[in-house]
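Below, each structure is written out as structure tokens.
Shared chain: chain A. Partners: chain B in the first complex, chain C in the second.
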Partner chain A sequence: MANIASKQVLTVLGKQGILIAFVLFMVIFSLANSNFLSLDNLQSVIRSSAILGVMALGVTFVVISGNLDLSVGSMMSFSTIVVLDLHDKLGPNLAIPTMYLMTLGLGGFIGYLVGYLRLNSLIVTLGMLSAIHGLTLTYSGGQNMDIADKSNTWFGFFGRGEIFGLPVPIILFILLAAFLGVLLAKTPFGRKVYAVGGNPTAAAFSGIPRARTVFTCYLISAFCVATAGLIQASRSMGSQNTVGQGLELEVLAAVILGGASLLGGSGTIFKTVIGILILGFIQNGLLLMGWPFYVQFVITWIIIILAVWLDISVKRGKLWVSN
Partner chain B sequence: MTQQSPALRLEGIVKTFPGVRALDNVSLDVLPGEVHALMGENGAGKSTLMKVLGGIYQPDEGLIYVGDTPVVMSNPLDSKAKGIVFIHQELSLAEELSVAENVYLGELPTLSFGRVDWKTLYEKTDAILSKLKVGFNARTLVGDLSIANQQMVEIARALTVDAKAVIFDEPTASLTDAEKLVLFEVIADLKSQGVGIVYISHRMEEIFKMTDRVSVLRDGQYQGSLLTADTNEEQITQMMIGRKLDLSRAPITHELGDIALEVRNLSCGSSYQNINFQVRSGEVLGFYGLVGAGRTEIAETLFGLRQPSAGTILLDGEQMHINSPSAAIKAGISLVPEDRKTQGLVLGMNCRDNMTLPQVDDMSAGPFVSDGAEVAVFDLYRDRLDIRTPGWRQTVGNLSGGNQQKIVIGKWLSMHPKVLIVDEPTRGIDVGSKSAIHKLIRELAASGYAVIVISSEMPEVLHVSDRIVAMFSGEIIRTFTSEDVTEDNLIQAISGITPK
Partner chain C sequence: MISEFIKRNLSTSAIWLFIIFELLFFSIAGHYLSFSDGAFMDLNNMLLLLNQSAPIGIIAVGMTLIMVNGNIDLSVGAVFAIAGIVMLDSMTWPVFAGLGDWVIVVSWTLALLAGALLGALNGLIVWKTGVDAFIVTLGSMLGYRGLVFMFNGENPTSHLNWTLIDFAEAQFLGFNTATWFLAASVLVIWLVTRYTVHGRNAYAIGNNRNAAVNAGIRVGPHMVINFVIIGFLAALSSVVFYSGSGSVNPNDGQLYELWVITAVVLGGTKLAGGSGSVIGTLGGVIAIQLLRKGLGYIGADTSTVNLVIGLILIVVLFIDRQLNVKGAQELRV
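Presenting the complex of A and B:
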């Protein structure tokens, strides 16, 4: 009978585990450091998570459709460099839409390869990770990119501005999360994403266009990356070529932490947002407790392993299997 | 026979799970040289009993004897070592390895330093294969073999130990008739060597052909054993479901409508050639033939999943170009595919979302999917098809096979097609749901649908169809009407032995 109880515990953990973990972290950190729950600190965590968060929203679509996107980090560098360069050449009014179009072009290209040509998304986006990095360096000639006259432009609005006391990056993150959350949960397109990721064959047998659905997911991912690049460029007004390096794994970590299955077919925008916040608060909490920042990489990995282990345990109904 | 001690004996086996008594005091004995059928609806406890025998579950109460020795099986290998061997319905072979490596997987003969003794391995394997009279040898790659031959590899694997009892779980599910005959020979051979055989199957004709005794489980309880020679289909079915099953056909009482679908000279590469047929609305057209005769390929062409190399498809007399499933759906053709788990359903999705999937674009209020409209569709077909589920939020993967199949049927009925194609409507479904689905198919025809039923089960085709198309090797051999069809000439037609 203890068996039944432990199964029920597992089920609850599996369904609400991520929220429980979230609350647990908040409690531990706030007990350890009184500054942790201060409004200033909370806002700074969310603000610093916004760029990662915006990217994770798009990757959530790709992962639910049963694919991966490892190119978002270097694609974000690309967007940042391009928009900074064009800012001085074309002015912000033209630079921003041009950057969006170029980034969407890259996303569309990946979507074409994975969706219509049915190439493995791991290979395609791993390759694009390095190809786009090369593209960015070619574009910039290897130079850092800076806006010449930083004081005389409204371009800083997206990264530094505030509306009613709320930082614009947070507002952008919230708006995008709300829009994409509704798109995924409430529209026919969202349903198709789940179907294609859950069982591509059954989706095809139901007349659902797999290729177009996957293609659109990569476009959404690219749109999110462009937005993240815009925030990054606007906040710093200057950037290195490698600004987004390694972010693809953090983004993926947040999505998995939120409970989306890498096999596709499950996950939600809300859970990804929680995943992002957990990552952000852990990193912040460790810093507040005086730990060197690189410890966070190890801790993050441990948490992801725990999350994946819990997920698989719930599916097979026990924590470990003998033999 | 009564003096022999059984090869395998179960005494008072009880196994409970939270809320369910899956096995309730089950006793059973299998004599050496006996083929003992184990029957029961899905959920009756057959699989649980097999898992107890295989050492996957430990019984709460009761004893298992092999010969006269009481045994406790702690895992599948242990069970095999004690002489109980399983031939599973779903094959568990490593396709990239040779036959010999599969047969002795985990027990490869070795030389010094752990090197594999290939010579001995191949010799021992070939010795076993020669007993089975198969057309491949120890070095063949398993992935290159047909499903039937892969099953032979499983059987060869069973023969590496001194088996006291061999358990066949739905062994003919994916075999052609010719392949079945070979399997039956092997079983007869094992039998003559004094091995006790447990034979699990839903197919009555096999039970009567192959087995000596039949034992029936219902709701985890042992219902009794009968000598096969002394019983009949009706009696067994009654024991399985606790009531009588009507297998006779309701006479057609409705008028047939116009020709809904006509296919002219349709060909598709080597899959099928020169196919011609018509279906009227109100009619059930059965397609009968061996696996690989081209039936499923025709269905997939009509549904836009394959492109024909020649020929025309006419719907209501109008020529159609169907190049995708969505085009087929738009034209009014629906397909209930043969494998509901891989083709019919998104198992991780809930019941309602699965059912409305093909029409999710039309279910919207503004840009959003309308919850109300979807639930209305689901409720309508849940009631109409008698789908048993706690609610639409239930994940489809948790339903029984019969209810899953009804969800797929509901999904396509809700599209209001002119032509409904049902490929293997009752594969792997228990007897009760089976007859419900047969009845449903007849009702659909009566209400004006043109229905095409593809089936590998002769009783099913005979039961539901108004006319039967017999296919062999990609060609239509003959189209039977209900007046001129007999089991004999149907079998001859699909085996390719009748002149046209």
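Presenting the complex of A and C:
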């Protein structure tokens, strides 16, 4: 009897563990610091998570389709540098679509290699991480990129602007999350993504085009990266070549924290958003409590492993592996 | 018959053919393009190249073993930084004040122990929880980096010990200290993979985990041993490097994991596990360093190095896939 009850507890924990952890953290932090739950603070946390969050939305698609994307960090640097450079040459009206096209081109190239040529996504995107970094450095000549006349342009709207008191990065994040969430959960395309990642053989026999689905996932990822680059560029109006360096692994950490399996076939947009928010609120909560920033690294480490461990031990039926 | 022979040997010897190609290319191109007077294939230049390959190379040797076993380790860069800090910091501890230069031995031991312990922690988590090594080490990459910052905040940790620096700069039979350590690591791990039960089992587990379990091989302990080895080697790479430089920045070693994996994959080791060799990895490390130096030598922008290495990695993967029989038999979709 007790055994059944504990099993049920484990199942609930495994299914909703990340939400429970999220609520728990919110309660702890708001008890520890009265400013934590203030509207200003919540808004600032979400705003600073928006760039990472937008990238994580796209990577969720890639991970569910059973692949990895390690190139999003250097791709984000690329789109930031490109849009800043083109802003002064073409003006913002042309610069933004051109940047989107170039980033989608890179995403399409990766999608072609992984989808149609069936190359291993980890190595392809590892190679592209390095290659796109080189491309960015070549493009910028190793220089920092700055907008010459920062006061006289509407370009800052995406990173600094507000609509009805809500910062634009948050609005972009919410809109994109809602759109991609519906795309993944409610459309035939979304079901294909789950099918291709969950059981490739069954998907192939059911006539689901793996190549095209994976290709599209990488395009979606590139679109999200371009949006993140746009927000970053617009917020800072100037940037180094390495602005996105290392973000690929942080993004992946958030997606995994949200419960997406690296084997593919599981995960949702909503849970990825929770994963992003957890990382953001931990960082913010620890800072408010006066702890140094690096404590969050250690806590993130523990949470990631606990979350995934809980998830698979529910599926396995026991906590420890014996062999 | 001949095509079979080529297929079988290409993946192991391709990297050395590529190195010969690089040497010829940069020598000839450098003859026309280079601004420097010295030849590219100058002996001193090659010795320097080996010396510079050592930090990545020593870690890559351990990564080969990990990947042959079917795992991956993303935390090596953070372990590299921790070991360096442990070594330099422990030299200033008052406990060891009376030891004189013997403190070097103690500090090295402490740093290597720290590396092996962090590796063991990774290995134990992977074994006992059954969480994928990619996720575990992705987490510990962050966690260990957090530990790095706990030592000294954002300040560098520095300590100068001239005996240590002399040792790092020393040459024996023409090779630098770092080169000797690289050579020793390659040799030892090659012997391990070739002549020990552990090495044999590591290949078996990587090739077919279920078959290995059914054959009575205990998968977990072998994984832990491999993680201890890579932790130890990441620390070894670190102590050799920081003996010469004497100062650790808390961000040091970042992205090392990606360079190391690139070298190992270029050297012909399969991500899925079960095949690969340390000698190939050595080739991969040398090829990357040669490319860096060569592109600099013919006056190419340093940024093109990243571009070229990334594209080569993809091309290698593509060629490998075309030659891979297993790949050709897979379901065409």
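One rule holds in what follows: the second predicted complex is superposed on the first by the 319 of 323 C-alpha atoms of A that agree within 3 Å, B and C clash if a C-alpha of one lies under 4 Å from a C-alpha of the other, contacts with A are read in each partner's own complex, and residues count from 1 in each chain.
Note that in this section a residue touches a chain if its C-beta (ideal position, glycine included) is under 8 Å from a C-beta of that chain, and two chains touch if they have at least 3 such contacts.
All of these numbers come straight from a predicted model, not from anything done at the bench.
**Q** Touching A:132 in the superposition: chain B (first), chain C (second), both, neither?
**A** A:132 sits against chain C, while chain B stays out of touch.
**Q** Which of the two partners, first being chain B and second being chain C, lies in contact with A:298: first, second, both, or neither?
**A** second
**Q** Applying the document's definition of touch, where does A:274 land relative to chain B and chain C: first, second, both, or neither?
**A** In the superposed model, A:274 contacts neither chain B nor chain C.
**Q** Give one of first, second, both or neither to describe whether A:249 is in contact with chain B, with chain C, with both, or with none.
**A** In the superposed model, A:249 contacts chain C only, not chain B.
**Q** Would you mind checking which one, chain B or chain C, touches more residues on chain A?
**A** C
**Q** Please work out whether A:198 is in contact with chain B alone, chain C alone, both, or neither, and reply first, second, both or neither.
**A** first
**Q** Using the touch definition from the top, say if A:226 reaches chain B (first), chain C (second), both or neither.
**A** neither
**Q** Counting only touches as set out at the top, which of chain B and chain C does A:209 meet: first, second, both, neither?
**A** The answer is both, since A:209 touches chain B and chain C.
**Q** Once the shared chain is lined up, is A:168 touching chain B (first), chain C (second), both, or neither of them?
**A** Neither chain B nor chain C is touched by A:168.
**Q** Using the superposition on A, tell me which residues of chain A are in contact with chain B and, in the other complex, with chain C.
**A** Dual-contact residues (chain A): 201, 204, 209, 323.
**Q** In the complex, go through chain A and note every residue touching chain C.
**A** 70, 113, 117-120, 122-124, 126-138, 142, 200-201, 204, 209-211, 245-246, 249-250, 252-253, 256, 262, 292-298, 300-302, 304-305, 308-309, 312-313, 316, 319-321, 323
**Q** How about chain C: which of its residues touch chain A in the complex?
**A** By the definition above, chain C touches chain A via 74, 125, 127-132, 134-136, 138-150, 153, 213, 218-220, 254-255, 258, 261-262, 265, 271, 301-314, 317-318, 321, 327, 330-331, 333.
**Q** Help me check something: in the complex, which residues belonging to chain B touch chain A?
**A** Listed in rising order, the residues are 18, 75, 303, 305, 324-326, 328-329, 335, 337, 342-349, 353, 357-358, 360-361, 363-364, 367-369, 411.
**Q** For the complex, which residues does chain A have touching chain B?
**A** Contact set of chain A toward chain B: 3-4, 7, 182, 186-188, 190-192, 194-195, 198-199, 201-209, 265-266, 323.
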